[in-house]
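What follows is a set of structures for review.
Heads up, the next two complexes both have subunit A, just with different partners, subunit B and then subunit C.
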Partner chain A sequence: MTTTRRAAVLGGNRIPFARQFGPYAEASNQDMLTAALEGLVARHGLAGERLGEVAAGAVIKHSRDFNLTREAVLGSSLSPQTPAYDVQQACGTGLEAAVLVANKIALGQVDSGIAGGVDSASDAPVVVPERLRRKLLRLSRARTAGQRARAAAALRPTDLGVQVPAATEPRTGMSMGEHMALTAARWGIERQAQDELALASHHNLAAAYERGFFDDLVTPYLGLTRDQNLRPDTTLEKLASLRTAFGTGPEATLTAGNSTPLSDGASTVLLGTPEWAQAHGLTPLAWFVDAETAAVDYVGGEEGLLLAPAYAVPRLLARQGLTLADFDLYEIHEAFASTVLTTLAAWEDEEFCHERLGLDAPLGAIDRDRLNVTGSSLAAGHPFAATGGRIVATLAKLLHEKGSGARGLVSICAAGGQGVVAILEAA
Partner chain B sequence: MARSDRYTAFVNTGVGARLATSLGLPRPVPLRRYTPGQPVTEGQVLVGGHGDTPAVTALRGGLTAAGVSLTETPPEQERLGGVVLDLTAAETPADLESLRATLAPALRRLGRCARVVVVGRDPRGAGSPAQRAARRALEGVTRSVAKELREGATANLVLTGDGHEAAALGTVLFFLSARSAYVDGQVVRVGDAEVDTAAESPEGPLTGKVAVVTGAARGIGADIARTLARDGATLVCVDVPAAGAQLAQVANEVGGTALQLDVTSEDAGARILDHARTRHGGLDVVVHNAGITRDKLLANTDADRWGSVLQVNLLSILRMNEALLAKDGLRDGGRVVLVSSIAGIAGNRGQSSYAASKAGVIGLVDGYSCDPGLRRRGVTVNAVAPGFIETEMTARIPLATREVGRRLSSLAQGGLPVDVAETIAYFAADAQSAVSGNVLRVCGQSLLGA
Partner chain C sequence: MPTETLGGLPATGPLLARAALTARGRSGEEVPERTLRVEDVRIDRHRLAAYQRLTGHDVSDTVPQPYPWVLAFPVQTALMVRPDFPLALPGMVHLENRVTTHRPMDAAEPLTLEARAGELRPHRRGRTLAVRLEARVGDELVWECDSVYLARGAGHEDAPRGETPPDLPEGPPAGVWRLPAGLGREYARVSGDVNPIHLHPLTARALGFRRHIAHGMWTYARTLAALGRGSLGPSSSRVWFTAPVYLPSTVELVLGRHEDGRLAGLRERTDPARTHLVLTLESRA
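The block that comes next holds the complex of A and B.
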């Protein structure tokens, strides 16, 4: 593929992330995505503007939200002539949406677009049991009185009940935390290292808020002005005192403190060509250079559910002729502190790099001072599809502050054994 | 009229009107307010005055072009939309008889929300004590007439320089029109700067201008943004990050941009300027509207409360203006409009910090408007001083106090945020290049500090 144009990240906006059943408990995905869009439109003066497209999505979706993004656009101040579509790739949704928009810009199919994501762990769809669903459908298909009577008679009180979807892998029946606990144990990731990473996330995010870094990245929503999960004054002692939440026995290391909480929130990123940016008085922050998605066999194979980024990054580096050390900033999504630590350990591990990645030498270590410098999901929270947009906008601004040529790596793990990674470069 | 002003609604019903009349209670009427395309006045405007009325001569063409129908004799039947009295040629107090002779019979023929505009000269430029007395007398008569007028009618005074009467056109039109609904019994001084009267399109006087409004997320600030946008300006809406949700709504409504920043931050001015330049190509109008109150009796006011009010309401303006008014800041012909308060003029119990800051704003207007550098660049600096305006803030005042605040003015009601906004839009227009250094009260001729 020959890239004829470069797609730039021009800015972003998100609403502060809330904890499940927090201030956004009553807000729907459409409400939150619309709010995030409205803040983006206001910040960049896009009211009435027809954009090339808006691509966004949610991981947990109601069946009525078959056109979630388009409905959010129609409820926003953007021109109603702006097309939109939904994307869904588990926690990779937000970043994948940005990849899609950036690619269309690079190919010359659109000049501008918005990528986004939203999720609510509070306003989740509730479904009836499969047995009841089938019987109800049979009842609605019935044409004659007799058919209707038979279908209705088949309903049993025991059919009643509701199911709330959980973050469980359908093929293993295990929750994401249980999967991660296994992987962490296999790699011998220590509790204290995980707590230290969580602590850094909170402190870095708090410091970024303090210096006004998020003033042009976040717009308050429903009275919340900062991420609800943020604990600026948390300490290693407090984190160490938490009980383990996933895994069993003395090997268990995952706690509520070093795992992301269920969260509600939405994020958006504005992308465009430099020409479109200039015509709208906007400054390109970073180029969207390249991206790669990998998937691993966590079902029959040996690999950890959340380790796909460990595979995606070396492939991306090889294509771009870069090494892991060639980056000024790393944004590795903190699904769990142990996800980040396992991924880093894997890249330093000779056996893993040789046998699993087919490399001659380990990918190497990274400078930890360049990792998640303004915090990540452990502190901010993780509304699944909204995390990609949060990271892309944050990293683009950080790179712009560093100056032209600065390079950043994004890595996001996702359910189903997938991982989306991307490279941004300061414009 | 605000929805919460039940009294005004009541006295405008049949029963209410009879009751109020028989009890001698105030009878406020819903004020005529501006909508685009509306005629300047409802009904003809009587013109007259003393001597050869040089101001009427200079203004006649402009008023007619704006669609005002002028007459020299009061009509037999119809109601007058307004009266323009030119006393610029008055030499001694004896000449004021011309005013009485024209105005007295006309007062009975005034329609609802009619306008009396007196045009005179600045007493400070008088050549003799008699002339100075005559000029100063105009203020007394105008303020008194304003208090005698009923049914939403207003009276205001415009002072113009010899040979520069045409520069007062924008001001006279403002006072005649519904834009000045809640401005009553006030004086505006028009200077001698050159005015390009032809440049302005009446429907979009701010077309092509870039305006920044601080404190734009809510209340009066939001209405300022809406009004400037309606008049054609491109808006930069500024408010603190915590107010971002409402700010985004306002910015999107007016098709502008939202800039979340704290006006007290060190680089606020530079960031506003940078935003206006990169997004919109420059900056023409600055409205320093952001303000807070931390009301307490002075005896109970600690340094924090005192300091925060002074920081936000006064010191931040000084700091931002270092960048905004620098040579590479506001473009030539720029406009700075500050928001003072009636409390800054009259003082208010429990508001010593607020009154200090708002009186300080008047000092800023005086200081900046005399700055020779700004004058050379055609930058004007004025302030509005709102009286009782119906906002979320005043809605929280206890009922009795609120009612007193509303009725203690010639118009016997509170003003609306849009009334303040209209006055700011008037100062911001190109036509007002000779209007600088004024502090215009938007108070319905409140008795406070009058």
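The block that comes next holds the complex of A and C.
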């Protein structure tokens, strides 16, 4: 059996996240990923360095970006001999990329690597309607003049149109917000609790910027120095005044304030062995201890679309011999405030823990003061694949501040009923 | 040397129109001593992003090395359409360019741009004119550029030859670029250089060209971008425009080394002996 090694998070860098059609409207995924990567390279003195690998991805991707991450590496100051590949697991992409790099480090296959992710809701690939696409392909297959004429004659003005990708589940036709609204209603998650969580996210993120926490985690890009969505002065009253955006009737609780906005941005995380770190004058911030991925059957309505992390965490805890209370910090991705609240409620619910998770007792409650202490996606924004890298770098630095042995849990839900969770421990 | 500070960047279109209307009758042996300056030039990020995309750079905050030339183009043009300027601007050919960037330039920094014309020198196909451009952030000189233009006319066979460019390496290309017919129009849109020789076969023919040609400053910027990030920090590049690139066409990029730096060139796909551009780049990390 191969002896595994310890993979350390050595640092991270991201560009501030922008709102859709904001300052990054004209930047491509490749531009943003390159900017985040180049900032990481500059901060850690990696110019000309050949790393073990770079793994990153985007959820909404142009077909021309088949080698998005490799192209970003070639556009950076890293050695062009650094290999790279693309990863895609919806909103789990960034964290899954970190898992992949950490695993290769643990197995001794590489000594160093970068994980990352990027997404643009602004520079989205525009797709022609399916009927037109098939006709155009038939036209390009045509060999004879007759075939060409027939194929061309089949084109109708009414075929024209463009489709911009939306966050819609292909199997249900419902948007993520609609799915979440159903789950929140089922669990009776109150509007006010959601708004309070959103408020805390903004206040915590603003306070973290104020104390300079992000000075070595964020590189300004296209004139933006802080996350554009951040509203340091927002209040519960303002959040309460917003109209509901998802769900219907009096049970609707999801608003634009307690749901993440469509965003543009990129993030990266540097990982390596302690020896590699030392040789490069870098300090391990946190160990990448373990990770688990789960998926739920949301198609038949058995389970909520975004509740897979509720299943992944107990499996991870069991494997590590830990309880939910054994953590100093919790980073639960705020796809919606109600996602976080539902997940926490599920872990406290005896019936859910018994029947769905097969546990004898509920997983229990967490200390809410330890949750998303520097804000999360509701305030920062959520460029899908970039969220994992943002959270891993943030948590690693927070744990390092707390001191050796401090433990943190990351939980990220993803489209397709999936969830990626991980444990980090201060180095 | 007297310095005149303009109120802002003049509009290029009217300047080029005036240059065309006042082309005839310009003469003289002396270039008036005059520096034109524009302060507080702000970079429009949308135009910069379009420029970066068209020239193969990443969309980022760092200003590509040739971009201040684009910003200063109206200032330089304003200098050349003054009544006492001895040469006619239309038909002038860009021969050479040398640029030094002293530090990375951030798009958020307002620039002070200066343009002044230097000496007239005999050339075997006419006369050459040197133009100097400078960009400052506050009082700090961040960028300087020396261009050489040829005003075609009565040649001087015995004129001293300028420094010849280094030979390009032979062998397989490092890249093949298919340049579309509309490239000149696209670059004119992002750069403001609407010189008719770049726009359409008909407008180019009116000025004595076989067809329309790519902007030299586009081929220069695109080739620099192909060399990676080496020109974004402290660095110097020198370029020789050896033959026009007719549009549309397919050119090959060739790469090599020159002294302590990089060497790059563009050559004709169908006639590799025909070199369009030779470029050297020295980066000081």
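Everything that follows uses one rule, which is that the second predicted complex is superposed on the first by the 423 of 427 C-alpha atoms of A that agree within 3 Å, B and C clash if a C-alpha of one lies under 4 Å from a C-alpha of the other, contacts with A are read in each partner's own complex, and residues count from 1 in each chain.
Note that in this section contacts are C-beta pairs under 8 Å (C-beta built on N, C-alpha and C of every residue); 3 or more make two chains touch, one makes a residue touch a chain.
In this text, all values refer to a predicted model and were calculated from it rather than measured experimentally.
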{"item": "Clash or fit (per the criteria above) of subunit B with subunit C on subunit A", "value": "clash"}
{"item": "First (subunit B), second (subunit C), both or neither touched by A:S28", "value": "second"}
{"item": "Most subunit A residues touched (candidates subunit B, subunit C)", "value": "B"}
{"item": "Which of subunit B and subunit C A:V218 touches, first, second, both or neither", "value": "first"}
{"item": "Which superposed partner A:T283 touches (first subunit B, second subunit C, both, neither)", "value": "first"}
{"item": "Touched partner set for A:A42, first subunit B, second subunit C, both or neither", "value": "first"}
{"item": "Which of subunit B and subunit C A:G388 touches, first, second, both or neither", "value": "neither"}
{"item": "Touching partner for A:S77 - first (subunit B), second (subunit C), both, neither", "value": "both"}
{"item": "Which superposed partner A:G304 touches (first subunit B, second subunit C, both, neither)", "value": "neither"}
{"item": "Stretch of subunit C, among 57-65, 75-83, 93-101 or 129-137, that runs into subunit B once the two complexes are superposed", "value": "129-137"}
{"item": "Subunit A residues contacted in one complex by subunit B, in the other by subunit C", "value": "35, 38, 47, 77, 220-222"}
{"item": "Residues of subunit A defined as touching subunit B within the complex", "value": "35, 38-39, 41-45, 47-48, 77, 212, 214-216, 218-222, 225, 281-283"}
{"item": "Residues of subunit C that touch subunit A when the two form their complex", "value": "45-46, 49-50, 53, 58-61, 107-108, 228-229, 285"}
{"item": "Complex contact set, residues of subunit A against subunit C", "value": "23, 26-28, 30-31, 34-35, 38, 47, 75-77, 220-223"}
{"item": "Subunit A partner contacts - residues on subunit B that touch it in the complex", "value": "237, 241-245, 247-249, 251-261, 265, 278-281"}
